[in-house]
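In structure tokens below, several structures.
Next come two complexes built around chain A: one with chain B, the other with chain C.
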Partner chain A sequence: MTSFLQALIDATSAGAVYALAALGIGLVFGVLRLANFAYGEIITASAYTLIIVWPINPVLAVLGAAVVGVAVALLMNYAVFSWLRSQSAATLLIASFGLSILLQRIYEGIFGANVLSASVASGLSTSVNLGGVRLNLLSVVTIVLAAVLLVGVQLFLTRTSIGLQVQAASADFRIARLLGVRSGLVIAVTFAISGFIAAAVAFVLTVQSGTVGPSFGVQPTLFGLIGAVIGGLRNLRGAVVGGFVVGVALSLLTSWLPPEINPFRTAFVYLLVIAVLVLRPNGLFSAGAGKVRT
Partner chain B sequence: MPEYPTMPESPENAATSSARPEPILDVQNLTVAYGGVTAVAGVTFHVGPGELVGIIGPNGAGKSSTLLALAGAVRGKADRLTFEGTSLLGRKPEQIARSGFALVPEGHHIFGALSVSDNLRLGEVARHGKGRGKEGLAATREWVLELFPILREFLGRPAGLLSGGQQQQLAIARALLSEPRLLVLDEPSLGLSPTAIDTVFEAIAAVQRAGTAVLLVEQRAQQTVAAAARTHVLGEGRITMTLGPADATDAELLAKAYLGS
Partner chain C sequence: MMRRDRKAQGLVPVPEWVGDAWTIAAPLGLLYLVTAVASGVSSSARVDLGYMLVNLVIVVGLSIFVSNSGVLSFGHLAFVAIGAWTMSLLTIPVNMKDSIMPELLPVLRDASLPPLVAVLVAAVVGGVVALLAGAALMRLHGLEAGIATFALLMLVVQVLTYSTALGPRSGQSMVGIPQSLDLQSMLVIALLMVVVAWFYSRSRSARLLRASRDDITAAPASGIHVTKHRIIAFAISGAVAAVGGALWAQTNRVVQASQFNLDFTFTTIAMLVIGGMFSLWGAVVGVIVVSVLNHVLGLLESGLQLGGVIVSLPSGSRLIIVGLVLIVVLILRPGGLTGGREARWPLRPKLALGLSRNS
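And now, the complex of A and B:
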């Protein structure tokens, strides 16, 4: 029973990480129809900041990771994607692929191909005793962090004028602009929020692993994207749920699969993706492709 | 009823512009082409302050293309294209919307997943930075909801659940919340029941009485010609005829306007 509860909390926490990644990706997809593969490199930039700065000053490391996440996201927007706004979703996707690989090579050039290590917030890696159940503190912190961010984004989207404008732009960019919604501002705000969320993902993952390499952000982005596709990229709530489901499935497969087939657990996740897309073929490019955004 | 800022009617102004006041919208030789296909082939007209001007014409005549070019949503070329003396050419749709020009596009396009009240709040986006305070906004909201009482009942409801006529009312109300000096409507009666059409035309008349200029594109020729100071007939991208209110009763002329003379 205890171990079941622990597995459940761990699965929820894994789900929370990918739900956040799916949220960051889904927000940008909403306004730009961009499935941003380079989202992982925002996570990686924040992770490098955490690993390098933490030994010097933990508070500075956390603030720095957030600032770097937002800055890299905005830089991507202004340096690359703002030039491609009127292009098709396929063009944007390929551009984000290229950008992802380019940034990984840049990280490799600066920090080397090997991983950097530092123990970040090692206090969180301990277990706490909650009413006789031993729980991983990091799992609990991850769930709380994700809940706060999800509620925060929800409040932003529904309670603020600019959040409402993001919703309008996601639904129909052309009509939103006819109502005076500033396209550049809305896109920049969306990128900034997605960068902040990437920093949160980086925090959880660096505490978990204590290492960062050039391709650090690839895996969470892939799973976040898969989750978002399963849930429906056009529908932010669905994307978040999809990310959560992928995380939970991965985590449960890890704890329950017999050790000899455990290495194939990601294959099961892909099987799940295929099954979902066959049953609900509302795939990546079915809607919004070729919409004019400029 | 909010007082919209209108052109100052100082004596000097009247003297320099003689009989005809400076138009709020001045369109000279507007052309719009999609790739190689010309949709609008040199259209010239104007809208005076507080005036209601109509454009009618058959499907594909270039009515929507004209309006979209004015609003900056498609690229047009023109010898002159000014709104309140400022050129609209090369400006972004959001800039034009924020300058007091409101377009209700064909097919209304409300945000179906958002509530009626959120749709109306989005209408206020273009009003921002206008300097008119909270009191002005409250008065405008009240006026708009009096114009379309049905919306007040459904404020919390998803806009997608409204009927077609109600959605059209919402789209016009949303545009009015930006406190425009020129309201541009693209076939607001499209697909509506006769009663819903009457509601829309009554609202348009009320907007004009409040001092807002209106440019109305319609298929309902008779009603439009009767209401507008001038109605231009568009055919194959050109103005083929201009009618006055007196022509509204001339069924033969209206029929000829559509068939092309």
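And now, the complex of A and C:
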């Protein structure tokens, strides 16, 4: 029973990380129809900041990671994606794929192909014993952080003028523009928020691993993106839940699969993804009936 | 009908079939020319030439599906991996297989075929897997199709990485693949695959599929069974990609599941997109342009003497520059270098073209 609880908490925290990644990706997708594959390189940039600056000054490292995340996201927007706004979703995805590979090589050129390590917030890696249940402090912090960010984004989208404009642009970009939504500003704000969320993901992942390499952000982005797609990219809540489900599934499969087939856990997740897409082509949580899009 | 109109106007100086034949003669001729020139340049050019021919087969395979269906696939390396695996398992000597893959299935352990037959078997295996996968996935559109095909690639890579019944233990690679096809025979196979793609693109099925690519609402309404034609295209393109994988195995001669990664996927997609992803001509031009660029950048990375000055680029700049080229092409010329058109007979008068479009 207690081991079940522990596995459940670990799974929730893994799910929370991918839910955050899916949130960051889904927000931008909503306004721009861009499934940003290069989101991982925003995470990586923040992670490098954390690992390099943390030994000097932890507060500066956290602030720096947030600033770098937002700055890289905005840079991506202005340097690449603002030129491609009128293109199809497929073209945007290919461009972001190219950008992702390009940035990975640039990181490799700057920081080397090997991983850099530093123990970030090592205090969080300890566990506390709560009535027989071993609670990993980081898992708890991850869950709380994700909850705070989710609520924050929700409040921003529903309670602020610019948030409402983001929602309007997600619903129908052209009409929103006609109604006076400042599209450039809305896109920039969305990118900035997604960059901030990427920094939060980087924080959790660097505390977990203590290392960063050029392709650090690929894995969480991949699973976040996959989660967002199976949850339904056109619906932010669906995307977040999708990311969460993928994280939970990965974590539970890791702890429950018998050792002889455990190496195949990722294969199972991908099989699950294909099954979901085949059965529910528009995502698990999409309300609308099958609308054809190409 | 079009032909009669133009004839009546007396504006076509060459028969239509010349223009048609040119759409296959141009890619074949260009490929032959590049191979002939590159094989005479240097030994390092010949090595890169081998990889160019391999990539050409892979990208032509990819384009059979993408250019006709308009659906993006991020997963064709799955069939490349399957082709490479088939080729390796069928051509590595049995005693060598015993030492690197002790837990291999007995059937695979004892199987041994001549290289050209092994390439054919690879095509069949790749085609069958693509047919089955396509039957499941081809109802999907756009982004969902992209993610689903990518999931297929990851699934295949994971299985090939960890299954000791099908290959070496994870982290180890298959070695001892004999290099049995020289550049000449690789060129012949590559030309043959271009011909396959061309004949397919002129088939009824491909024309119907392109109708669905151009208008996904009107095509089914006109009675076109889009899913069926997508599955056909997917199976053929999987078979051709698997041939590319077989050639890759005997060119690279060290095969490991982790090689079928994002960088490789990116390279093939970049080639297709830079050339123009909606035509066979685009696929061929893209592969040649990126390969030549890669070769030159490779020379620069190892330091090239240019008039007394040694120019050198840091290693790893190849992918950065290819990535930059891809993004610039997408911004300035979203249809790719060829604009998504097939090769056009160069001597065609501009006037006739303009009028025939209006008629």
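Couple of notes before you dig in:
We adopt the following convention: the second predicted complex is superposed on the first by the 281 of 294 C-alpha atoms of A that agree within 3 Å, B and C clash if a C-alpha of one lies under 4 Å from a C-alpha of the other, contacts with A are read in each partner's own complex, and residues count from 1 in each chain.
Basically, a residue touches a chain if its C-beta (ideal position, glycine included) is under 8 Å from a C-beta of that chain, and two chains touch if they have at least 3 such contacts.
Since we're looking at a predicted model, the values are computed, not measured.
In the superposed pair of complexes, A:Q165 makes contact with chain B only, with no contact to chain C.
In the superposed three-chain model, the partner touching more residues of chain A is C, compared with the other of chain B and chain C. When the shared chain is aligned, chain B comes close enough to touch A:R182, but chain C does not. By the touch criterion defined above, A:S255 lies against neither chain B nor chain C after alignment on the C-alpha atoms of chain A.
Within the superposed three-chain model, A:R174 lies in touch with chain B and out of touch with chain C [touch as defined at top].
Contacts of A:P263 after superposition: chain C is touched, whereas chain B is not reached.
Those residues of chain A whose C-beta lies close enough to touch chain C in the complex are 35, 80, 83-84, 87, 89-91, 93-95, 97-102, 105-106, 108-109, 218, 225-226, 229-230, 233, 263-264, 266-267, 270-271, 273-274, 277-278, 281-283, 292-294. Contact residues of chain A toward chain B in the complex are 161, 164-165, 167-168, 171-172, 174-183.
If you check the complex, the residues on chain B that touch chain A are 71, 73, 92-94, 97-98, 103, 105, 109, 111-114, 118, 121-128, 174-175, 178. Those residues of chain C that touch chain A in the complex are listed here as 70-72, 74, 136-137, 139-144, 146-148, 151-152, 154-155, 158-159, 161-162, 170, 213, 216-217, 262-263, 266, 269-270, 273, 314, 316-317, 319-320, 323-324, 326-327, 330-331, 334.
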